[in-house]
Structure formats: structure tokens, C-alpha cells
């Protein structure tokens, strides 16, 4: 028996002279890439480069819209009105989609970024707005979001395929939520610990939370954060472990 | 014998709490609308509202990309690298196109805004970059630009249909260029003077420049600036004059 | 016996080509002006113009810092970290102060804008951060905030003089808070109703809330919103009523 | 005989999650620091951190204002009107000055950044606007600019002390201008070549340009670019060479 697991990574978050992540090194090691759309990171040149890189490596392209907050890298909640948020998500996904199409590619899914991701995983209204935005742009887009969260139900309600996501390099709270980045230990830096967490999700369908509880978690895709300085190392380690455990990266 | 002339107007330039123009009043009076794409003006909510308004009135939708300069309303030149400018135009056109499609509409042409318009009408390189951006997004898009300028030739070179534009409310220099907004008298405020200029273009195929010279000018479309406080009045006057002269607005 | 009351108005909120308010008409009618500092509105040119206008009319200058959110006009909460918010307030107040000094003027107080005002009037932490920012810039600056709110206590804690503010054109909730702008009736448009509210505050030291309750409210300063289309009319009416009731505008 | 030379470096150019430069390592190795003011780089938190770092190491603080162009890192010219540019410079210098004062420090000079530096060194009008802005904020501020350029004369005209600057890591054109960053070889990456250039300026008062010509150049201060990946290495090398040649860093 073999396992199939998608690996996704946030990319295209550089902005002008400002570089974040190591996209050239990371792209060959993942099967899906969430590309920033210019609001929390990314600029039009970076977006094009990242699309090209994804196409060169046969990596699935997702849009990664966020709150309009470059200064906060999309990690601060902004209390936008529903109409504002919906239009902002549509704008970002449209911009990336058009650029991808112009380069022979295609946006296949949407994954909210940062604070928008967190809010959407906890607040039904915010999540519904994101889902509506996706449906209005293209009902064939998939919605990538937090496994075991309210996102899944809302995606289905809107007729969207849901890609349940687990995290390699983030610690989980006992309630299944991601531990806030504000807390120490929220981001897993050690490649072997991250790898263990991934293997447990793929092989056992569970995750061990911050207090030692083992929760069911069977993701369709696993996220490695591109701005984690250990990202490349974690991905390289995963590659050989996957071989050893007959796990295939992809979908 | 009847004449057919397209009337276009820049719209969707409001931004958040900041209102520019009077789009609800103007939209029923034009046949084409150039919608700002968020860089020099416009925000995602405004873009959606303007698209809806255009669809409600059967008005042709054009994208109106500009330099990334909200503070300068896109009226200041920024010396962007070609790759930056091309990607910026593609981003803006894509964003508007996707939003238009989601509302059942379609972007049919691209008209550069403000300083980008001026630069493109004078600088071959800048114009070529805009043309390439349009072709890459969709070679069926038309390129709207200054009649009798280098824009026309460059559009054709790139296989794009060109919409030659004349201005109702801007004065022309003897060389056929638009008089710079920095000069007094550059913007025509009197509805009857603007109307005369339009009728002369449509019926005689000429324009009288700032020094009294009469130059040939046979535009496909005539621009009224939505932020001209007399815009509505000019358009209302045109409507009745058009009737008197058997001129039909449209294309 | 005569009464003395300060009248303040938010000004300098225009941005580039985008005009908000009617500062030239309003300035002669108030005794204090809260000048936007470029984050929620205002740009450096507008700031200078507004400072000059205030100096020409002998109007007291206050800094009006907000969240960094031009698109939302500072009316959306952003969950900034304390260090981010404190530095952002210091930056804005410093920018305005330096420009005022260069023109022979002086910033005398700080009034938070929009969502930052609301949050500071309800959330002790947010308010403390604002107070700390003010103290660090200049402990002689006064803190203008909502009368009868926690702002007053926190200002005193930090050794800052507090200017208790009442609103002419906003409805009060029975708990003494301002009614949210999201609710109908929150903004008073009728000049006579606004004027009654002001006179009641000045002469009786009370306000009648949305459910008819009469609460004590004895403000040091009364705010008229410059973006209220009736602002000029309200202020003109106040002027003659003040004369009739022997109320002097000023401090 | 000993030589005294100031070493300056652009710092505080990080922005939110985006890190540029290595300020903690560089600060102890320089005698002056040009701190970005939020328009081309820098944010209020970064500005405070950089001021604190400068104070901790006894480094002289300069304001480093640029065009409002975070996306272009201030390296693209924007054709701002004089009033816009003057107000923008005043805003930036004021913001940094107020924050420096609040931390017990003081801005002592102004050095324009990037495209604004280049334009000011070639275009009298642009330079005059910068000089006027500085005078209006504080006539005791010094103006740091390109040695042997028109900046010096214009600074004197305005009664400003001029700090003539040479570059360690930039190649000079035969006409004494800096080679544009767009040209290959414009930035010197090799520490020993940069060091040679510095020693020649300090000891001989000359620089060897791209075509081998030796031009007189006797700077008051020498700039090392903080975003040059070799910056730390160049500065460490200079330190030991300075000792060997009895050159003291400072002013």
C-alpha cells in the first residue's frame, strides 16, 4: 500500500527589493504552491516569476490572498466589511489567475493567508465571505483550509471542493487549532520534529497536540512555511523519508 | 448619412471614503467606460460597483491601468523598469477582467491612465511595454489611445485593434499632442466649447489647436473626463446636439 | 455668567486628488483642529496647507493619528502589536509636529482617529499604548478623548492633561458610548438637533441618549465632523446661538 | 599626521516582516547612520530600533528621505511637483526627528535616498527643493550629498553645512558621477577593491574612475551600502587598514 500526499508552500511573498523565502530552492520540492497576490506580500513581477517557476516544475498553483496589509505581512486582522473583504479576495484571485493564464498556467485553488486564514478557520461569517468570493470567481476552484475546522463545511455548502490542510512546522493546540505565532514553540524549527509530525499525519492520520493529546488529522495536503529558515532542510528530509515509507508526493 | 461615435469616460476612480466623479450620473450618458484598476484610483469594491453600473447601462468596459501612485492619482511619471511596468499592467487588467467576468461582463479594451497614457503616446518603449502586456493577457483586447500618435502604429505592430481617441474637454497643442494639465486652459470647462470640439471632430474630422491651426483628427471614440465638474452637463448637451446632427453614440 | 467651550473638527483628511471635507469654510468657525497625519488620510501637502490655515485663523492644532489604513479611512480596527501601534502614533505625531514647527506653529494635543479612537475608549491596553506614545513624544501634549470614558483615567495616570470631548453630530448610547456608525441614526444630520445637543451639553452639562435617558456630560471640547455634509451649517447656527446664550467659543 | 574620516551607512530599511541589511552587525563599525523614514523603506518600529541602536553605539543620526515608493525601494524617479517633494521631505525628516528626540537622540543631517539622491545631484531644481525642505525643518541640519556635485553649492546657497560624500562600494564615471546601478560593475563587491578606493580617497584625495582617470575627491564622509552583502566584511577590513594608516573613524 502506498500513500499519496500533497505538499504545499507559501511562495511569491517577496516585494520589490525585499526578499522573503527561497522560492527557487523550495519549488522543486513541493507539489502545490500558494502564491501571494500583492496585498500582504508579492508584487506583479514576483507573481510572474513565481508562476513561471511553478510551471517549470509542474507544481499546482493556488492563490494566496490576504488582508491588505503589507506592513503587517497579512498577519494582523483588519475588520473589513463583508463587501470589502469579498471584493478584495476576488481582486487578488483574479489578478493572479489572469497572470497565470497569460503564462500558460492556471490557478487551481485558493488558500487564505495569515490572519485571514486564522479568522476564516474560526469565524463562520468571515469564512463564508471567502467562499462566496471563490464561487463568484470560479466555482471550479478548490478551497484549501485548515483540516477539521469549520472551513470544510462552509466550502461544501458553497459547492467547493475542500483541500484539508495539515501543518508540518506548526504546533497544534489540544482543540485542534493552530497555536498562535505569538506563543513560544508555535513554529517548529527542527526538521526531524516536523518530519515526525508529517509522517504521523500521513501514516497514522493523527497529530500530537501541545499537551500530548493525539487527535485525528488526515490532511489532503501538508503545508511547509517558506519563510521558515528550515523549510528547505525539512523538505529534503521529507523527500528521503517519503521514499522509505512509500509515500508519494502529489495528488 | 448618419455618424456613429463612441463616447468614453474614466470612471471607478473613487477609493474607500474618497469620492471622485459622479459615476451614477455619467454612466447612462456614455457608450464606453474606462475603469480604474486600483493603482492610481479605484478599490475592489468600487471596481465591482462600476462594473455593475456599466452592465446595467449596456456600456462597454475598458481597463484603465496606471502607475502605482494613488497619492499622485497616476499623474506622475514613475521610471519603472520594463518588466515592472509590464507586470503591473497585466496585474491590473487581470484583476478587472476577472471581476468583470464574475459579474457576467467582459473587459474589451485597455486604455492607459494619466502619466502612463502621456508617456505611452510619446515614448515608443513605454508604449511597446503596454502593448506587450495587453497581448499577453488577451490579444483580442483593443488598445485605446491618442489618435494620430505613435500608439496606433505600435498597437498594429502587436496585432491589436486600435481605438483612436479624441478629447472633448482637453485642448490640443499645434503638434497634435494634448496640452499638459500643468498649463492654464488645458482643460475645457465650458460645455459649449467642448461640444463644438466634439462636433468638429465627428462631422469634419478635424480639431482646432491652441494656436488656431486646424489639424485632421478623426477619432473612433471621444473622451469626456469624469472628474471634470462640467462632465455631466457636457454629456447632456452632446446628447441633444447629436440628435440634431444625426450622430449616434455607440460603436 | 458666561460659558466657554472649545469646538474641534477633524480636518486635513484630503489625499492627493481626493478631497474630503471643506476645510477652508470650516476653519474660521472652530477653535481647535484635529489634523490627519497621513495614515488614514492626509498627505504631506495637505498637512502643510491645513497647518497654515489653522495658523491664519488662530486655531489650536491637534494631531489626529489613526491606524495605517487609507483604504478604510482609519475606520477599521487593525490588531497591531503594542510596539507597532506606539511607534505608529509617535511617527504620525512627530511628522505633524515638525511640520507645524517649521511653519511657526505647534501641535498642542493628540486625538486618536476613527477606529483607534473607539478602541482606545473601550480597551485599556490600546488606550495605554496611545498615552505612552504621547508621553514619549512630549508630556506637555494634551490627550483629547471621549468624555466619561476610560480615556480620562489613563491620560491622568500618564500625567497628561485630558480634554474631555462631546459630540455635536453623533448619537449617544444609554451607556454613554457613541452609537456605532454602522447603526442608522448614529450621525446627526439636522443642524437644529445637533445644536440642541451642544447647548444641552454646555448649559446643562447633560446629553440625552438614544433611549431618552439624560446622562451627565460636561465636555471641554465639542466635536463637529468635517465630513458631515451639514458641518458648515451646524457651525454657522452654533455661532449665532452661542451669541444668544453668552457662550464663547475657545478655551 | 593623522586622518579623520566619517563612515556612513544606510540603515533602518527593513519593513515589517521584510529584512534588508544587517544593522546590528554594521552599526558598531560606522560613525554615521542614514535612517530610512518610511517612504522607500523603514517602518515606525524599525525606525525606533535603528535610532536606539545608533544611540547605543554613539553613532551620528541622519535622516534618509526618499520618494514615496516602497515597491521600488526609492530607486525609481517620480516626477513630483516641487510642493509635493518639499512636503514629503519635511514629513519624513520630522517623523524621524521627533522619534529620535523621544529616545534622547537627535537627527543631525539629511541625506536624500536612491533616485532622489541621484536626481538631486544632477538637477538643480530638485536639489533646491530638498535644500529648502531641510532649511524649513531646521537650518542647523547638515546636508549630506555627492562630493564634487552641484549639491554642495546649493547647500551653501541655503546656508546649510555640506557633508561631501564619497562611496566605497560604487564605481565612478569619468565625469565624477556615480555609475548607474543599472550598469554591470556599478557596485563593488570585493572588499579589497572597496578598501583601496577608500584609502585612496582618504590618503590621496582622489578616486580612479571606470576608465582609469584619477579625479580629485576628498570626501568628509564615506558611504558603505548596508544592503551590499559584503558590507560587514568591507567595514571590518577598513577598521584594521585604518589602524595601519593612522586613520581615525569619526568627525
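Some notes on this structure:
Letters are used for the chains, namely A, B, C and D, taken in the order the chains are written, and counting of residues starts over at 1 for each.
Keep this in mind: a residue touches a chain if its C-beta (ideal position, glycine included) is under 8 Å from a C-beta of that chain, and two chains touch if they have at least 3 such contacts.
From a predicted model like this one, the values you see are computed outputs, not experimental measurements.
Identification of common neighbours of chain A and chain B yields C, D.
For A-D, the equivalent interface among the listed pairs C-D, A-B or B-C is B-C, as over half of the contact pairs agree by residue number.
Mean C-alpha positions place chain B and chain C at a centre distance of 40 Å. Work out the mean CA point of chain A and of chain C, and you get 42 Å between them. Residue positions 43, 71-72, 84 of chain C are each in touch with at least two other chains.
Chain contact summary for the complex, chain C toward chain A: residues 68-69, 71-72, 76-80, 84, 115.
By the touch rule above, chain C contacts chain D in their complex via residues 38, 43-45, 47-48, 83-84, 87-88, 90-99, 101-103, 136-138. The touching residues of chain B, counted against chain C in their complex, run 15-20, 41, 43, 70-73, 75, 227.
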